[in-house]
Structures are given as structure tokens and as C-alpha cells.
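My questions all concern the structure below.
Letters A, B, C, D and E mark the chains as written, and numbering starts fresh at 1 in each.
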Amino acid sequence: MSTDVNVKLDALPGLDPKALPLQVKNLQVEFRTRNGIAHAVNGVSFDVRAGETRAILGESGCGKSVTAQAIMGILDSPPGFVTGGEILYRGVDLLKLPESERRKVRANRIAMIFQDALSALNPVFTVGFQLGELFRKHRGMSRQDAKARSVELLDLVKIPAAKQRVNDYPHQFSGGMRQRVMIAMALALDPEVLIADEPTTALDVTVQAQIMALLAELQRERNMALVLITHDMGVVADVADRISVMYAGRVIEEAGVHEIYASPAHPYTKGLLESIPRLDLKGQELSAIKGLPPALTNIPPGCAFNPRCRYAQDVCKQDPAPALFQVSPSRTAACHFWKEVKGDE
Amino acid sequence: MSDLSSAGTAVGGAPVGGDGPTTDAPGSGGQERSASLWADARRQLMRDPVFVIAFLYILVVGSMAAFPKLWTSQDPRACNTDRSRISPSWEHPFGFDILGCDYYSHAIYGAWPSMVIAIMATGGIVVFGGVMGMLAGYYGGWVDAIISRAMDIVLSLPFLLGAIVFLTVIKRQNIWTLTLVLFLLAWPTVARITRGSVISSKDLDYVHAAKAVGARNSRLMFRHILPNAVAPMMVYATIVLGSFVAAEATLTFLGVGLQPPAQSWGIMISVHQVYFLEDPWLLLFPCGLLVGTVLSFILMGDALRDALDPKFR
Amino acid sequence: MGRYVIRRLLQFIPTVLGTMFLLHYLTSLAIQFSGNPVRALFGDRTPPPALLQAVTERLGYDDPCLGTRGDPCLFRPAETGSGLFGSGYELGLFFDRLANIFFRFDFGINLRQREVTDLVADAIPFTLKLLVIAILFEAIVGIAAGVLAGLRNGSFTDYLVKISTVFVISVPIFVLGLVVREFVGVKFGNVLRGQDWIPDVISAGMFSPGFKADYPWASLIIPGMVLGATSLAVTARLTRTSIMENIRADYVRTAKAKGLATKRVIGVHTLRNSLIPVITFLGVDIGAAMAGAVVTETIFNVPGIGRLVTMSARTGESSVVIGVVTMLVLVVLIANLLVDLLYAVLDPRIRYE
Amino acid sequence: MSDVVLETRDLVKHFPLTQGIVFKKQIGAVRAVDGVNLELRRGETLGIVGESGCGKSTLARMLVGLETPTSGDLFVQGKNMSKVGAEERRRGRRNIQLVMQDPYTSLNPRMTVGDIIGEPFEVHPDVVPKGSRRRKVQELLELVGLNPDHINRYPHQFSGGQRQRIGIARALALNPEIILCDEPVSALDVSIQAQVINLLEKLQNELGLSYVFIAHDLSVVRHIADRVAVMYLGKIVEIGTEDEIYESPTHPYTQALLSAVPVPDPKLRGQRDQIVLVGDVPSPANPPSGCRFRTRCWKAQDICAEQEPLLQIRDKSGHPSACHFAEVRDVVHATE
Amino acid sequence: GGGSDNNDDTGGQAGGTLRVYASEPAFLTPSGADDEPSLYVVRQLYRGLVKYNAETSAVENDLAESIESDDQKLWTIKIKSGYTFDNGEPVNADAFIRSWNYAAYSPNAQNNGYFMKRIAGIKDVQSVDPDGDGPQKAPEPKAKELSGLKKVDDLTFTVELDAAFSGFPTTIGYPGFFPMAQACVDDIAACNEKPIGNGPYKIDGTWQHNVQINVVRSDSWNGDAGKPDRIEFRIFADVDAGYAAFQAGELDVMYTLPPARYKEAKATYADRIHEQPGNSFTYVGMPLYQDEFKDKRVRQALSLSIDRQSIIDAVFDGRFTPASGFVAPTFEGARNDVTPYAKKDVEKAKQLLAEAGGWPAGKKLTLWANAGAGHDQWLQAVGDQIKEALGIDYELRVNLQFPEYLETADQKKFTGPFRLGWGPDYPFLETYLYPLYGTDAGSNNSKFTNAEFDALLKEGDSADSIQAAIPSYQKAEDILGEELPVIPMWFSKVAAVYSENVDQFVWNGVNGADYAAISLKQN
């Protein structure tokens, strides 16, 4: 698909084409609610290269979506506030850009796919309108042209009879097709970074397979950087290049996909992997992580995981939280006892 | 944590809904994060100054209605045309009305019909409308069809017009008939609200769960489904209570409400509205009381809605 | 869709019949218990019985069932033959009225011997104008206020909108009307009328203390606004809640993620969805506005439907009450139907089968 | 065998689609469950898998009596539930209890845990005498691993996993022999899911329960189930022991389903032969003729449109499969 | 303006548009119009045989050349020639006979049929359903026309009355006796919407119901021309709304005022307010058919305990004149202090009540009024005063709507004093006496019978002239003053306001505001 790339490159000040497409450094986000301040993200750092897939893995409520929203700049504010850190797009700190500049980055350079496509698509506008809007507002196209492009896009994501369906409303599509529409919308302006926030959680396995295959294909074609947010260890194993594991708003382990699965260096990651039912352990009790994730308004001092951790010692219960230890040149883990954890295998 | 079992008894009765906001603030347990929606709501309401002020105002008006003697020793029926429309003074804070009756005591005694009509009519519509809506929503089918048509009939009658027609026909315009008319014309709204929430909650998982253990219809309705409808009903009830207080006055203005020598705020307003340029206080006092009451009820309803709506937590 | 409309229209039948019976019974009871309304025509002068009877007959209040207290006037003893199915009874006054209304389009006459249809034809344009103004006013101002409050939840604007709208609800409409008539129509209007440079439409038309035939629209603006004021509050609050809910919706987030300008995110992606419940309310409110028109019309001397019904209810003119209210009920029902259909237009998820 | 505790024969549930104004006429039906034959033996766990909308929940609801079957028979401990009176049916329900999918919505937020778990006793007063109910509830709480002192708490004071335990305690209250779990762990986090599964297995061992375990997560089903049924559009397309289904699936749908499951092992990436199906699940209101899977099946031939394949043993694999062209295909590699 | 020159005695110029306050009329036909709003309009559209002098209320011939009788029973009426209806039909003897017959014939159901009651033959043109309220319709009346009306020639006809009545010439100034064109009688409904009149003004367009009625000077009229070129009757449902419009400068004349605004109007429009005594009479009737009220001393005691002026001041801002007689002070032959019991005198009241045996202990006095007309206010004050003076507790029965109230009156079912009012139909004091207190009179709601009273009325009726009749009627009134079948309360007071556009304001003692005679400032 020949996108008019030139149109979108009105230069951002300080843009370095050779820098990484996305780099997040020590991001902090908090929600100021009636019941206190929820520290949803407490220092998340990661980066992603063009053509690479970065998976962000973690349980429900650990701050994955909030991180993604902070990158896009679409946090509900109030109550959500970014209180620190940097989000660099090719060297430009997006947090320092004025809103009008930042708006141009959205969808053009960094796009996002949401978890629940049904609620993420506006129910009262046709799919064609919602797709075409991008071209009309960002590229100044006429209605007809925008519509033609929308049809092309729907074709691209393999929606049959795209010409007719472009005039349908979201609720007239099946779950898988809606998610494909979301993908089409994200890819419309040919972004360099695509953030996919649990794109398949709401879908059946067979459909999930379709969608993941499609995403992989499109990523390859366009050499996009993909940030894949999920809690499904299987999906991650299938597609990710590098993984950041989050717990209570913090990245607690960061490594290449093979390293993590082979020998996790953080007890939480390890616990996660162990709690997956496995054939060889059939009939045995699953090894579950005991206890519950902490409330974000009330994160325990020290390592947030310490109350559930079988390796925990006194040092874990004291501030500051363990820093990221360099486990190997390409991986880090935030555990005082990473060696034990790793060697325990 | 360990004292939760004692806390439980404190909130045990709450979920059924009977206890609206009462005067005693947080439960007996002290600092524990007690549980039910209602207890939570109550705690939040007691921290809301708007609600507290409105609530105190209603208390004042309520005590005027229930115990007028507390507020005045004057007889509102002791009148003398020689004192007609004398301005307020220290001894007669609201002055005298056109027949030369003490206006302050009139205002105090006038609270009774206004409040009684509003409260009885509201109580009636909540109970009757609630039951109707519940039956219609729960059973569906022809029960629903019949109740819904009855609701349609009443709802399609514009409210004031309906009231005028009814009241001119009944022509005994006293507290009871006014209550009856307000009740007859307003129950369908409650029924509709209840029906809506019953329909939306009768397929909730926990209702099915109760059904799966073999619970009978009555149990499902009253234990599981009704409590869901209570919150929206309560909110509506407070608002409608306010509008009924105003409706009493409007009907009197239209000549189909209470008639003198009865005493009510509506009568005070409608009899004296014509003097509002000459002796504005004759209108201002009853209007002030009325507006305050309506406002308080509406604000209470509002606060209640916010407190009960999990979305706003 | 067509099917849905037909089904809804068929559902009107029991509703309209029910309403008519209700009104018929009520007004019959009124006559049965409080006497022949014709008598009041003569006031203090006691009319000769022949005259009274002649007028009564002319107006259709001579049915014998109106002399039996509590009789719903459904059947009457057959005059000839064996009556319905040999029961000795035939269809009574209620069915006569139904037949007149539905088969002959004859709604009867009032005490002044005018056709009810004429009365309604005279009155309805005024009420419609009033309603249009009221609904427009409450829609435009209410939605604007609601949007402002909803976007700045918790801000000063929010409180201002909340307090002012709630205050307007709690003042009885007749007090509001009187105050507006006196201070805006008379006092302020007189000031305006003293200035030469102000056009007449404004000074004499809009700011007149009541309806004026010379300025059929302008002079209804202020009454319409008073009428709309009570529902204005509800509209504003409904819009506010609705905006507050929708502004957090995922699709609004999507719209932001698409890099759209805030104006568009709010104006297109939030407002359209938020207005669905508001529009529904406005449609349903037509009935309520019609009721409120009773008071507004009295205060601002608008010769509309509300006043007509009030007067006829007072004088016990059953034919007028039944005729007019039945027509109103139809209007309300049709308005509700239209709103439902509009709902489907606004919200494509709704499909009527 | 006498230890069949639950059996269905051609169980059918059609939801009518109606049209018409005064006289509603039925113009069609959603064939949510369309002829299901199952049996569950004492102490056994039967897993049911299938895609969203294939009728798993409807089947479950019929089994516990929340839905009356359109046709077919349901036997609970040999008793035909469609033939007995309403009261007996209600009492019969005691023996078969339900654990629901969503622990957040399946507990009444206005009732205390004690009331929720104690409700079955109030409904069936003969089970436990009034005085000792509270005691019994606390025992149940203990049984499912919750603190008995929490009896007066409200559901929202518990986490998802704990809530699901409350749901399980409620299901256990009437001492049922069969527990039906409709996706009991789908709403839970991975780290919590294991806790609940462990509990279910523990209870089965201790109390000798039989489970019908519905899930869409094939690995969970594999872990817990003894036998597995695969459903597609209201029908069972393949049924067999866990090994038979996972190791030697014969129905193309089963194969596609299994191959689509992501395996949490990056080493296997690209080595698995993934079958990516095209198209969506057809509407159950208007299922395809013949074999219902033929519209998405790569093996489909003319016969598939004409003749409906019966669920029968066709192949040396030795378990029933509803495909004309059933053949074993190994799609799942062992993790190790 | 084309004002004629024979009416310059009052001065003022002709021309301009006069905008006046009005209520929605009931009918615009002479045979139907019997309420004040209708009469105001009908009087401009139609003219009758006689008119009333604005100041003295004396009867003057209008269309009549002469009205004469020897025995006060057979009257000969001659009509001036040259008058026509707006449609060109002549106004002749037929026009009157037609109109009166039309009104009297009961199947026509015309309200003013009531006024034909004295004309011979009335019984034959009205028929009553024999079985009361049965299913059968009333039979056709025996005759279609009144036997008492005889045409002599084109411009002369005779009227024979059932009984002698000296006041007959005054009665026929009532609009019910105005003529109607044949075209009007042929299609009465159309005529009601677009009247075919014979008066100084004709309708412009049609009757815009509830909005306004415009009339313009009629060319066919050759009597005294009206001053304004055009009169616009602006219709209001509510006098308060009308007053607001007046304040906003939208009206030139408002013939009445909202009671509560009287004081304010008096202050604001000091030089543009017209006040004079009015003629509507408010009384509290005594149910003489109830035992408690049979003794006249009870009635006198009740009357003596009321301070009328104080109630008038409090409730009506002084807008009424306390009544001490039964005939409005504006009427020829009216006197003050007819009854000595109209002044508050608590001592005497107590004494009289004691003499009469006191009031039954514990029994409440029930005061009746019809609902929704604001009577409860003053009646409550009356009750308060009686309670204070005599210690009789009272209750109000004010919830009956007017029809039921009137039926209660007709059926004599009041259980206590009841409020009613009376407005004269013609300026002859008999109108206050016979209809209310005559033994067989229709509106005798007290059920008063007094042979002497009846005889005195008869005597007056057959007197030679109106003036000659007065002494007999006065004697009859004296009897009322002693017997008190009703307690007189007050007579109305006219208070009309007019705008700065009005040059000369004219009020007619009988008809009210005389729009045709009001002149506007010309600029």
C-alpha cells in the first residue's frame, strides 16, 4: 500500500530519524482518586526497535494499559497524571510537546489497538466514517477519497465484501472482524509504532490465531515496532522478541523471550510460568502463587511482590524497592535474589 | 479485621433498603470499613455538606408539620379583618394575612398538609408502583402487557391536565383526594423504573445462582431482584417528593387544590400571589419555605444518586 | 420498521380507549354527582325548566344514565327489541361517543354550542408554538449548560449549572410565571417601550406581558421560555450525566488516540452518543410540557389547549374534556413513537422488528 | 453402568425467533443446543470446550434446570427430570449444583457471605436444622479455604479468587454429587486461576464429586478433565478421553482448535503446524446444512453439505467424531 | 372620522382605535348573549328599542318611536324608520318579532328565552319532557310563535304580557330584546361567528375566539355615531393578565380591576381611574326552610354581627359599598338604611339571639359558597365575625362547583347561610325584588313567602308609570328590611382605568363602559 508518507513528515523539533522509534524511561503515572492516590505506574522503562515486538506481560491491574495510554497521551486526566519520566519518539520527548504537536504524533506515528473492539468503536457511526475520519482530518482528503481508502484498508485486514461493509455499524460485525477494523484504523496512517493492548483477549482461540497471524504479517510488511500488551503467556511465547514483565506498576524483569521462558530471574515470572497447567504435571497440584496482588493505593514497602514471594527475606520488605539487576548483558531483573531464583531451576 | 463479625450485625439490616439516611452517622463499629452499599452511601452522605444541610432543613420542616405547637403558640384560625395585611413585626414575624390571621402560625400549620400529601403520595407510588413494576418486569408476558397498558394510559395523560380533570370531578379537595390524585397519576413512573431495573437484574448471574439452588419466585423477587430497584426508586422518590410539594401549590393556584379555610403553603401562595408587588412578604415567606423544601428534597435525591451510583465512586 | 410502527399503532388502541373510558367515566360521574353543567349557564337566574331541558338536550347531556350515580354509561336498557344478544340492553353513551368520534369525527359541542373540533383547531396553533419554543429553548440552553457542566465536572461552572437549574425546578411554575410577567413583561418591557430605537418586535412583541395577536411568535418567546424552564433543568442534568459517562467511554479514548482535535472528540464522538437519552427525554417531555402549558397559558393569556381543557373541566363540559384530552393523548403517544423511531436513527444498535 | 450420575439424550434447546403483531408466529429458532448426548460417571470430570456461542452455557443451564429443554431427556441419577413434578424437580436440583463463570456478578453484592452460602439451607430447610446453619456455613468456608470469621463480610471485600471460592462453597452447601462449572476460571488472573483449580481438584478427591467442567482454555480443561467433549454450533463434534482428544483428534475443528492454542514455549515457535481457520462461526439461527463446520473446513466436499455426519467412531483412534473424513492428525506437541 | 353632528353635546372628537379589555363572550347573538362579556360586544353591534341614559339610567327611546300602554299589559311599539341591518335587511316590526320568537322557542335552546317569560303564550312555545328525565325527548312545543306578539304594520307591533308590568319599557333595553336579521336566524351559528348587526359598529372579520373581536364603524347605522373608528376587544382569560397588558400600554380601557391591584391602580392612575357605585348585589341567603333560620331575630342577629366595611377593606381593598338595602344605590328609588340590621352591633345581636331562644348548643353554622371563585375568603371573615360576636362556631362548605351549587339552591338543600349574587337585567328596581323574593319566583332561593310583599309588588307592576310604581316597591323593600330573607352584604363599586390615549371617558350606569361614547386623543 503506497501511503503518502511525505505528507506526514512535518518535522518535529529535535527529531532524530536514527533514534529508536519508541523509548520509555522511568515513566510514572498516578491516579488521584477519592480513596487516595493510586500509583498505577512507578517507573516503567523499555524500548522497541523497528520491526521488533516488545511484549509487556502482567496480571490484570498491574498498569499495562495505563502505560500504553500514557504513551498515547490519552489518559483520563483528571484523575490520571503523568508525574515523571520520558517518552521518546525518535529522540523527541512527547511529554514536553504541546498538545497540538502531540496530536499529530497520534495515529500518524504511534497508533494503538484497544482490548475491547466493541466498546472502542463508536457505536453510532459507520465503520467507514470512523476510518475515513483519519484521512479527512490528518490528510485533508475528500469524503469520497477517504471512503475509497477505508475500503482499501478493510480489504487489507481481510474483511470480505469490504465495499459493502464499509457502511455497516460496528455492532453488525463479529468480534474478530471488529478487531480487524481496529487494526485497520491503527494502520491507516502507516505508523512506525503500534501498541496493541490485549488485542485478542476477548476473542476465541481460533479467531485469536487469525488476528495474531494478520498482525504479524502486517508488522513484517511495514517493519513496524510493535508493543504487545497481554497476560497470555502463550501468545507472548508465540510472537514476542523481547518481554517486559510488570508487577504493581513496575517492570520487574526484562529479557529476550527465550531467556525468560528458559530461566526466569524473578520469582513472580517464575510463579506465572509454573502456574500454567502443563501436560507433564497432569494430576498434580498446580503450583499457584499464593496471596493477591497489592492494591495500588497501598503498595507494600520494599519489593511489591514480597508478601507473596517464597524467596522473600527482610531486605525485601524494606525500601527502596530492589533496582533492576543486570542479569546478563541483555536482561535485567528486579530481585535481590535473582541468582537463587534463576539457579533454582 | 477481626472485629468484622460484630461490624456485620451493625450493617446487617442495611441492604434491604428500609433505612434511608438516618441521623446517627457511621455504624456502631467505629473505624471499620463496613460493607453494604447503603452503609457506604450513608457514610458518604454524612460527609456531604449539601446533603446535611438539606437534610436538616427537611427535619425542621418535618417537625413543623408533625409538632406545630413546638414552633408557635398562636392559633392560625384566630383572625380579625382589622389586622389585615399588617407587616411582619417582632411578635408576628411573618405579619398578618388578608383576613388578619397570624401568618407565621399559618405557615407552620401549613406545613402539615404539604408534607403529608407529598409523603403519602410518594409512599403510595413507591409501594404500588414498585409492586406493579416488579410483577410486570418479573413475569413478563400478559401480566406485563396489562400493567404496561395501564401505565401507558396514565402516562399519556399530561400530568396537570389529568389532575385538573380528576380533581374537578372528585370535587372534594382535601388532603386525601389530592394524595389520591397525585398517586394515581404518578405511580406508573415508579413502576416503569422498577420494571426496568427488574428486567435488567432478573437475568443477573446471582439471581440465576439463587434459582439454581432452588429458590422460589418470591425469594428471587424480594431478596435478590427488588434490592436492585430500591436505589433508583429512592432517588426518584426524593425528587418526586419535592415535586409533589410544589404540585400541591400549583393545583391550589389552578383552583383545584386545597381550599381555605384549610391551611397549606399552596393556599398561602395562591391567595397572596396577587399582592406580591404591594406586600411581597406575603408571597415570599411561603414561597421561601416551599422552595427550600423542594430544593432540599431534590438535592438530597441528587446526593443519594451520587452516593449510590458505583460509577461515581 | 414498518411492522414496528404498525405494532405500536395497534398498541395505541387499548391505550386510547382506556383513556377515553377513564375520561368518559370521570366526566359522567361529575355530572351524576354534581349535576347538570348546563344549569350553571344561567347563573343566579333560575331558567324555566323547558329551556334548561332544551339546552341540555342540545348539548347531549340528556342521557338518562347521567342521572344514575356511578353508572359507567356503558349500556342502557334497549328501547326497542331485545337489545344486544337478547340481553335487553344496548350499547350506551360511551359507545355513542366512540362512534361519534371515530366514525363521524364528531367530538360534540361545548356549552356555548361550538364544535369541539373548532375549539381545538383554534387553540392548537398557540399551544404548538408555545411547545416549539419551549422545547427549543430547553434543548439548546439545557444541552449547552449540560455539556459545560459535564466537561468540567466539579468545577465552578458545574456547580453554577447545578444550583441554578435545581433552583428553577423548585420554584412552582406559576410563581415563576407571575414574576416574569410582572418584571420582564411589564416593568422591563415598559422601559424598552420607552426607547424609540428598539424595534417594536422586541419592545412590544417579545417583552409583552402576555400573548399578543400582532406578534404571534415574538410574544410567545418569554412564555415558552418559562414553560421550558422546568424541564431545562432536567435536560441540563441529563446531558451532564450522559456526557460524564460518555467522556470516559472507550470509543472516546479511541477518538483521542486517532489524533483528533478536542473539539471534534467532544462535538462529534461524545455529543452524539450523549444526546440519545436527552432526545428521548425531550420527546417524552412533550406531554409534560403540554401539562405545564396549563399554567403558562393562564398567566400569559395564551388561548391554547391547556386553558381550554382547564376551563372545560371546571364547567363540566365532558364532551370537550374527552375530545381534547383524547387528542392530546394521541399527540403524546405519537410523539413517543416518533422519539422511539428517532432513537433508532440516532443509535443504530437499536433495530425495530 | 450404574454409576452414571448424569445423562442426556438428544437434549435440544431452541430459542424461538418470533415475528408478528397480534398473533406471534415463530419464524425460526436459535438452535443453541441441538441434540446433545452425554454421560457423566461418578467421580469423573467431563470437560466441554468450544467457541463462544456454541451452546456450552445453554447446555449447562439445562443440566441444572435453569432452562427447560425443548426436547430430549435429562437423567439425574437415573431419574428423568422432564417427567417428574415441579416440586420433585426443585428438590432434585440439590444433587446438581452450578459454579458460575464470573465471580464478580454471581454473588449478590447486598448479601453477606454467610447469607449467600446459607441461602440453600433456607430454600431447602430440611438439609440442616436452623440452629446449626451458621456452623455449617463456617465449615463450608473452611472447606474452600476461606477464613470462617469472614462470614459477615460482603462479597466486594474479597478478591476474585476468593469470590469464586464462595461460589464453590455455595454449590457445595447441599452436598451435591455433581458440580457444573461454567467457565469457573475464565475471569481470573493466571496467578489466581491455579488456586481455584487446585481447590476443585482437592474437593473432588475429598468428596467424590463429579464435575462437568466448561472452559475455553484448552490447557485448563486438559489439566482437570478425564474426558473431553468438543462442541461446535450446538452439537458435540468429538468426544473422548483427554488423551484421545489432545493426542489424536480426528475432527478438523478439534484439530484447528488445538492448533490455534498458543503454547507457552517460544522454542516451539514456527514448528507447530498451525491451522488458521478462515471466516467466522455461522449464526446458530441459520446453521449450514449437513456438517455445520463445512463452511470453515479445509476438507469440505459435497457430501458435507448434503449429509450430516453422525457422532460415531469412524477411525482407529477409537473415539466418536462427527466428521465424514475423520482422521488423526497430531497438532499438539508435548511441552517437554 | 365620519362622526355625525347630532351628538356633540358630550364633546370629544371622533376617530382612532380603542383597545379594550374583554373576556371571551359566550354568544354574539341577541338571543344567546346573557353574560357581561357578550353584552359588551353585542351592545356595539346591535341596538334595541330603548337605551339607558349614561348618567341617570333613565330609559330613552332608541329605535323605538314610541312605547305605549294603557293597562301596562298590552303594549304598542312603534319603530323609527330608516334603520337596517348590516346586510341590508330592514329593521322593522318583523325583525323584533322574529328575534323574540326565536329566543323563546325552546328547541332553539337560546339562553335569552328566559327574558321572554312575561310575554303571553310563552308556555306554548316551551315544552317539558313529560317523564322528567326519561329517555324520550321533549315533545315539540304546541306553538312556534308567541301569541302575545302581533305585527300591526311594518313599523308597529303589539306586545301582550301575561300580567300587567309597568316596568316593561325598561326591560326591553336588555340585549335579549335586540332585533335579529332573517339571515341571522337562518344560520345562527354563522351569525354567531360573524354577526349581522344593526348597531353603530359592525364586525371586522370574524370573531377570533379567545384572541380578539374587532368592530369598525358601520355605514348602515344612522343613529348617533360612535366616537372611535374602531374598537378592538382584546380577550383575556384572567383579569390579572389583562391588567398586566394594561400596564404595558396595550389597552385603552379596562372596565374592571383585579381586586388586589385596586389600591395600586388608584395610586398609579389617579387621574385616569373612573369610580362610581355599581349595581351588582352580593348577599348571604338565609335558608328559611331550615328550622334554625325561621325566626327573623336569628337572621337579624347574624346580620348585626357582621362588620361589612372591615371585610371590604381587608379582602377587597375597599372595592365595595356596604349594603344596607336590597336595591343598588344607582337605581331610581333606591334608599340607604332600608334595614337597621346592617350595622355591626354585637350587643343587640346577642340580645336578639337570646330572645329568639339562642343557637342550638354545639351546632356549627355551615356557610356555603361555590368553589373556585374566591368567595371562601370573605365568607371565612364573616364566619370569624359571627363566631366572635355570637360564639357560634362555623364551618365552610365551599367545595361545590357552580352547577351543583345552583342545583342545591334550586332544590333548597342548603343547610346554612349561602352566598349568592344578583345583577340587574334592567334599570328598574323591581329587578331586585320579585325574582329574588317573590313567592313563586325562580331565584327565590331562601323560600321566602310574604303575602303583603307579593301584593305590594303586584301593585307596583300595574302602576301607571315607572315613577308611579316606585313607592309600592319601596314599601315591599321595607318588609325585606325587617324580615331579612337574605343578609345584604354589599354592592359593587365600579373601578375602571383608561389609558392616556383616552380623551373623554364615559360610563353608563346600566351598561358599563360606553365604548361608543369614549373619545380618543387625536394627534
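Before moving on, here are some points about what is shown:
Just so it is clear, a contact is a pair of C-beta atoms (placed from the backbone, for glycine too) under 8 Å apart; a residue touches a chain by one contact, two chains touch by 3 or more.
In this text, all values refer to a predicted model and were calculated from it rather than measured experimentally.
Counted as hops between touching chains, the shortest connection from subunit A to subunit E is 2.
With chains reduced to the mean position of their C-alpha atoms, the one farthest from subunit D is E. Central chain assignment: C. Criterion: smallest distance from chain C-alpha mean to the mean of all protein C-alpha atoms. The distance from the centre of subunit C to the centre of subunit E, each centre being the mean of the chain's C-alpha atoms, comes to 38 Å. For the pair subunit A and subunit C, the distance between mean C-alpha positions equals 55 Å.
Subunit A and subunit D have centres, each the mean of its CA atoms, that are 32 Å apart. Centre-to-centre separation of subunit B and subunit C, using mean CA positions: 25 Å.
Among all residues of subunit C, those that touch two or more other chains are 33-34, 182, 298, 314, 316.
Shown for subunit E are the residues that touch two or more other chains, namely 240, 372, 400-401, 404. For subunit B in complex with subunit C, the residues that touch the partner chain are 149-150, 152-153, 155-162, 164-166, 168-169, 171, 242-243, 246, 249-250, 253-255, 269-270, 273, 276-277, 283, 287, 290-291, 294-295, 298-299, 302, 311. Residues of subunit E that touch subunit C in their complex: 26-27, 32, 34-35, 106-109, 111, 113-114, 117, 122, 126-129, 133-135, 137-138, 141, 189, 192, 208-212, 235-238, 240-242, 244-245, 247-250, 372, 400-404, 406-407, 410, 420-423, 435, 442-443.
Only residues 51-52, 159, 161, 189-195, 197-198, 201-202, 216, 218-220, 222-224, 256-257, 259-269, 274, 276-278, 280-281, 334-336 of subunit D touch subunit A when the two sit together in their complex. Against subunit D, the residues of subunit B that register as touching in their complex are 2, 4-5, 7-9, 12, 15-16, 33, 35-37, 204-206, 208-216, 219, 223-224, 227. Within the complex formed with subunit B, the residues of subunit C that make contact are 11, 14-15, 18-19, 22-23, 26-27, 29-30, 33-34, 162, 166-167, 169-175, 178-179, 182, 245, 287-288, 290-292, 294-295, 298, 306, 309-310, 313-314, 316, 321, 325, 328-329, 332-333, 336.
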